[in-house]
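Chain nomenclature is as follows: A, B, C and D, assigned in order of appearance, with residue numbering initiated at 1 for each chain independently.
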Amino acid sequence: MDYQSIINKIYNEVQPEVGKGRVADYIPALRNIDDHQFAMAVVTVAGKEFTVGKTDENFSIQSISKVFTLTLAMKDIGNKLWERVGREPSGTSFNSLVQLEYENGIPRNPFINAGAIVVSDAIFEGRGKTKNRILKFVRELSGNNTITFDEEIAESERIYGNRNRAMANLIKSFDNLTNQADDVLDIYFHQCAIAMNTLDLAKSFLYLANSGIDPKSGQQILDSRMCKKMNSLMLTCGLYDAVGDFAYRVGLPGKSGVGGGIVAVVPNELAVAVWSPALNKYGNSYAGTKALELFTTYANNSIF
Amino acid sequence: MDYQSIINKIYNEVQPEVGKGRVADYIPALRNIDDHQFAMAVVTVAGKEFTVGKTDENFSIQSISKVFTLTLAMKDIGNKLWERVGREPSGTSFNSLVQLEYENGIPRNPFINAGAIVVSDAIFEGRGKTKNRILKFVRELSGNNTITFDEEIAESERIYGNRNRAMANLIKSFDNLTNQADDVLDIYFHQCAIAMNTLDLAKSFLYLANSGIDPKSGQQILDSRMCKKMNSLMLTCGLYDAVGDFAYRVGLPGKSGVGGGIVAVVPNELAVAVWSPALNKYGNSYAGTKALELFTTYANNSIF
Amino acid sequence: MDYQSIINKIYNEVQPEVGKGRVADYIPALRNIDDHQFAMAVVTVAGKEFTVGKTDENFSIQSISKVFTLTLAMKDIGNKLWERVGREPSGTSFNSLVQLEYENGIPRNPFINAGAIVVSDAIFEGRGKTKNRILKFVRELSGNNTITFDEEIAESERIYGNRNRAMANLIKSFDNLTNQADDVLDIYFHQCAIAMNTLDLAKSFLYLANSGIDPKSGQQILDSRMCKKMNSLMLTCGLYDAVGDFAYRVGLPGKSGVGGGIVAVVPNELAVAVWSPALNKYGNSYAGTKALELFTTYANNSIF
Amino acid sequence: MDYQSIINKIYNEVQPEVGKGRVADYIPALRNIDDHQFAMAVVTVAGKEFTVGKTDENFSIQSISKVFTLTLAMKDIGNKLWERVGREPSGTSFNSLVQLEYENGIPRNPFINAGAIVVSDAIFEGRGKTKNRILKFVRELSGNNTITFDEEIAESERIYGNRNRAMANLIKSFDNLTNQADDVLDIYFHQCAIAMNTLDLAKSFLYLANSGIDPKSGQQILDSRMCKKMNSLMLTCGLYDAVGDFAYRVGLPGKSGVGGGIVAVVPNELAVAVWSPALNKYGNSYAGTKALELFTTYANNSIF
C-alpha cells in the first residue's frame, strides 16, 4: 500500500475519534478552536508529498517549536548545552517545578517547559533578533515565507503565563538563566505561538529523517550524529509524560504540542505530521496519536 | 532568680557560642554583618524591662515581620484567611515550591515564605499605603516612631529575590494571588527589611503575651482567642523546619528571622527577644536559640 | 464552672457531632464498631476525677500507645534515641514511606508509624518480654490490672499490616532497625491493640501533667525536663498531619489514635481523655476533637 | 568493516576504561568480582556469531532477567499486564518507593524493581514451578542447558533484600500483589541470580531482533507487534535512570544489569551483549556502555 492509500485509510478510520478528548483551555486564545478538524501529511526524503484533510490550515505549534530552538542551540553550542539541561525523561508533568527544585534548577530535558526556557536563554541575542532568527529558520525549513507568530496567542501566553514565569524565576534563582526572565519568556511565548500548517510542519522536520540535511536545499542543518541524537531525545522525552505510551504504540521519534499537532520521523525515509486539536489526558492530540499508531502499523515502519 | 540575673547569667554562658554558625548570605546587604554580636531583652506584661548586650542596635527582622502582617490580616478578615493558607507545619524548607505545586498553590502555613506572600496579598491596598500601615503598626506596638525600612536591604531582597518571585508567580498561577506579583513582593521585601532593635522587638510582641492587649496603650490588638491561636501557630510553624527542635529545647511559641533575631512569648507573663546574627543549619540564630533554651530552663517557664 | 459541669455541657453540645465522620476501616476488627459512642474523662493532678458518657467502655488505643513506648525508650536511652528518630512534624501522612526514603530511614518523629516502629525496636528485648513490659507499664499508670491486648485486633493488624511491614523493611534497609522486622512489628501491632477505657486513659497520662511524677504512686516516671519535652513532642507531632489544626483549635499537647481516642494534658493541672470512634479526614476523632476544643474554651486552659 | 573487526577495535579502545567505575556492592556475593574483565558478543539473525574477550565467563545477569520474565508475562496475559504496571520511564531511581506511594502501588514500568516484582507475581505458579519455567525459557533461548541460578547470589539477595521486601509489601498493601510477598520475592531473587555468559546472553535476545521469532528453532516467542513493543519498552525504560543518556549515546533498545551486563538489539539484524563488572553512577557497566556507543558509531546502526 502506498502512503497516499495508507493515510486515506487512516483518515477514514480515525473519523470517529476526531473531537474526542478536549482542546487546550489554559489560554483563551486556544479555547474556542473547532475540535472536529483533522489533517495528516507525509513527506519523504525522496521529495514526495502525501496529504489528507485540512493540511493547509494553520494552527499553533506550541511545544513542537522546542525542536527548532533546540536545533539552533545545538548548532550554536553543541554538547555544552548539556551542562545546563539534562537528557532524561522527566517522569513528571511537563510544567512541574518539583524536579527543578530537587535538581538545582537543571531541567530534566530540553522538551519540558523548563528545559525549553533554558534553551531559549541559550540562543538569546535580544528579543527582536532572536525571534527573527527562529522565524527565518522555520521558514527555510518549511519553504514557506509566510509563517509567522500568532501575536494574539503570544499575548495570551504572556498574560496567563504565571506558571512559566514561576519556572523561569526559579531557574534564575539557581543561576541557570543568563538573561532576564521576562526577555527569555518573550522568546518562549512567541515560539509557542508559531502558526503553521500540517504539510509545512512535516516538511520542516524532514532534515531529521535525512541525516540532518534539508533535502530541498541540501543544507546540513545538523551533522549526522547530532541528528540521530535529536531523534533519540524526541523518542525518550518528546511526548510529555506519555513517551513510553507513544513509543509503545507508535514507535517513532516525535514531538507533540498542545495545539493538537504531532510530528514524527522515520529515519532515512520520511517525516509525518498530524493535527487534530482535541487532546488526550497527556496533552497529546487524541486522534493524532491514533492516526500515527495506525500509520506505523500499516506502513510497518516503526524504528523497533 | 530575677529576670535580670537570669539574662546576665545567660549572656555570660552563651559568649562561647556567639559567632558560631553562619550569617545569612543570600543577599549582599546581610552578608557583611559582624557575627559576634548578641543582645537579649525581656519585657513583662507588668511593664518591667530587662536587657543585656546590644539591645539598642538595629537589625533586619526578616521573617519575624510575618507575625505583624498576619496579625493585620487576622484583624481584617479573621478566619477567612484559612481558605487561602493552611495552618500546618510544612515539613519542608521555608522556601520550597514543591508543597505549593502538590497542594494547588495553598501555602502550608502563614510563616513559610509562600504563606507570608499570600498574607501580604490579603492586606494589600496599594504599595505605599500598605507599607505605611505596616510601619505604623510596628511603631505603635514598639512605641518607637523611628522604626523604618532599611531600603538598601529591601532593594537587595528585590534584586536577589528570584525564588520568592518564582513562588509568587506559582501562587498566582493557582489563582491564589489577587494583586500583581511584583506589587505583593514589594510589600514582602519591605516587611522583611524592617530594622529594629532587640528591646523594641520584645516590646512589640507583648500583646501576644497579654491576651491580645497592648499593655502600654490598653488597646485590643487581637481578641483573646485569636491571640492564643497566633501563639499556637508560632509554636507549630514559627521556626522554619526546626519547630520540633525549638519546641523540644525551648518550649515557647516564637518566631525567628534570618537576620538573627528570635522572639518568644510566655503567655500572661512576658515577651523575650534575642539577637545574634550567626545562624544554625535551620536558619535560626545559633546563640539565640541556645540563649532561649537556657532562659526557659533557668526561669522554668516553658509552656509545657 | 467546675470540670464536671463543663464536661456535662460539652457532652450535650457534641451530641449532634457524635457519629459524624467515619470509623477506621483499614482492618476488619475495627470496622464494625458502633460509631455513636462518646466518653470524656478529666483527672486532675490533685486526684479528682470527672466523667461523662461511656467512660468504662474499652476501645483500641492504637497510636496513643506510642506515648507509652516512647516514655519507656526515654527511660532506657534518653536523648540517644534522637540519633535514630527526628523530632520534627512530618508534613506528610502518618504512614508515608516517602520521607523515609528521602531521609535515609530516619523517621521524622516518634509518633508517625515509622518512628514508633523504631521506638519499638529500641525497647525490644524479645517478643514476650517486651509486650509484658508495655502492659505492666500501662497497668501501673492507669491502676487497672485488667488492661490487656485485644488479640483479635493485634492479629488483624498483622494480617493487614503490609504497609507497616513495608515501612519496617525499608527502615531495616537503611540499617535503622536492630531486630528482625517481624519481631518488631509483633510489638508494634500489639501495642496498637491495647484495649482500655477513657477514664483509665486519662489516668495513665497524668504523669505528663505532673512534671513526670505519677501522682498515685509518687513514682518519677520521667524527670521534669523530659516530661516537658514529651509534651512538646505531642504538641508538634502528636496529631498526625493535623497538629497545626489541633494546636490552633485546642491548644494542648495531645495524642490521638484511629480507635477514636484522644488524650491531652494541661501541664500542672490535669489530663483529659475523650473517645468517639468516628474520625475526621485527618484520622482524629471527629466528636473528640470538637469536645476538646470546647473544653479549652470553657475551662480557658489552653497552654497558649 | 565487518562485525569481528569492529568488536576487536572496540576491545582495544575500551581497555583503558575497563575497571573504571565500581562493581555492585549491595550484596557481598557480588562485591569481590574482578573488575578488570570485559567481553562482547554479536549474534546476527542470519546466524553469525562474533566474540571478543571473556565471552564464556558466567556472570550474574541481574535486571536483564526482567526482559525474560516480562516476555513470559506477555505470552501469558498480554496487554492485561498494563492494568498492573505502567509503561513510562520512572524519572526516579530503580529502587524508589516514592513513585509507588504516589501512584497507588502501580509501578511505573516493568523494568524498575517494583515493576519486575509485579511481573514475577503475574507469572507465579508456585516457587519451584515458576523458577523451573524461567530457567527452561532462558536455556531454550540461549541453547545452553547448563544455565542455572547462582544459589549463593540468590541467598545473598534474600538476606540483603530489605528494600525489595519493603517494595513488595508496599505493592501488596495496594492490592497489586496476588501471592505472598516472600513467595514472589523468591522468584525475583532467583531470576536476578541467573548466571550466564556474554555469548549466551546475546543469543537469548535474538528473538527481539527477529520479529519475535527465535531464529534457531523458528519458534514464535512473541508476535511481531509485541516484539516491537518490547523493544520500545527497553528503549524508554531499560537503562534505569539513564535511558535518555543511553538512547542519546547508543541509540538502541537495551537492558542492563548491575552484574555488569548490557544487551541491546538492532531490529532485523542482530543482538549484541557486553559485560564488564564496574558500573557507572547510573548502575550500568561503565566500559560496556562505552563499548556499545562505539559499536553503533562504527557499525552506524543505531535505530535513529
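The rule we apply is simple: a contact is a pair of C-beta atoms (placed from the backbone, for glycine too) under 8 Å apart; a residue touches a chain by one contact, two chains touch by 3 or more.
Since the structure is predicted, the reported quantities are computational estimates derived from the model, not experimental observations.
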Going only through chains that touch each other, how many steps at minimum separate chain B from chain D?
2
Farthest from chain B by Cα centre, which chain is it? Let me know.
D
Chain pair with the higher count of C-beta pairs in contact (C-D, A-D)
A-D
For chain C versus chain D, what separation do you get between their C-alpha means, in angstrom?
47
Intercentroid distance (Cα basis), chain D paired with chain A, Å
32
Among all residues of chain D, those touching at least two other chains are none
Listing every touching pair of chains gives A-B, A-D, B-C, C-D
Residue ranges of chain D touching chain C (in the complex, touch as defined)
96-98, 101-102, 162-163, 165-170, 172-173, 181
Partner chain B, residues of chain C touching it in the complex
86-92, 99, 108-109, 225, 227-229, 231-233, 235-237, 241-245, 247-248, 251, 253, 267, 297, 302-304
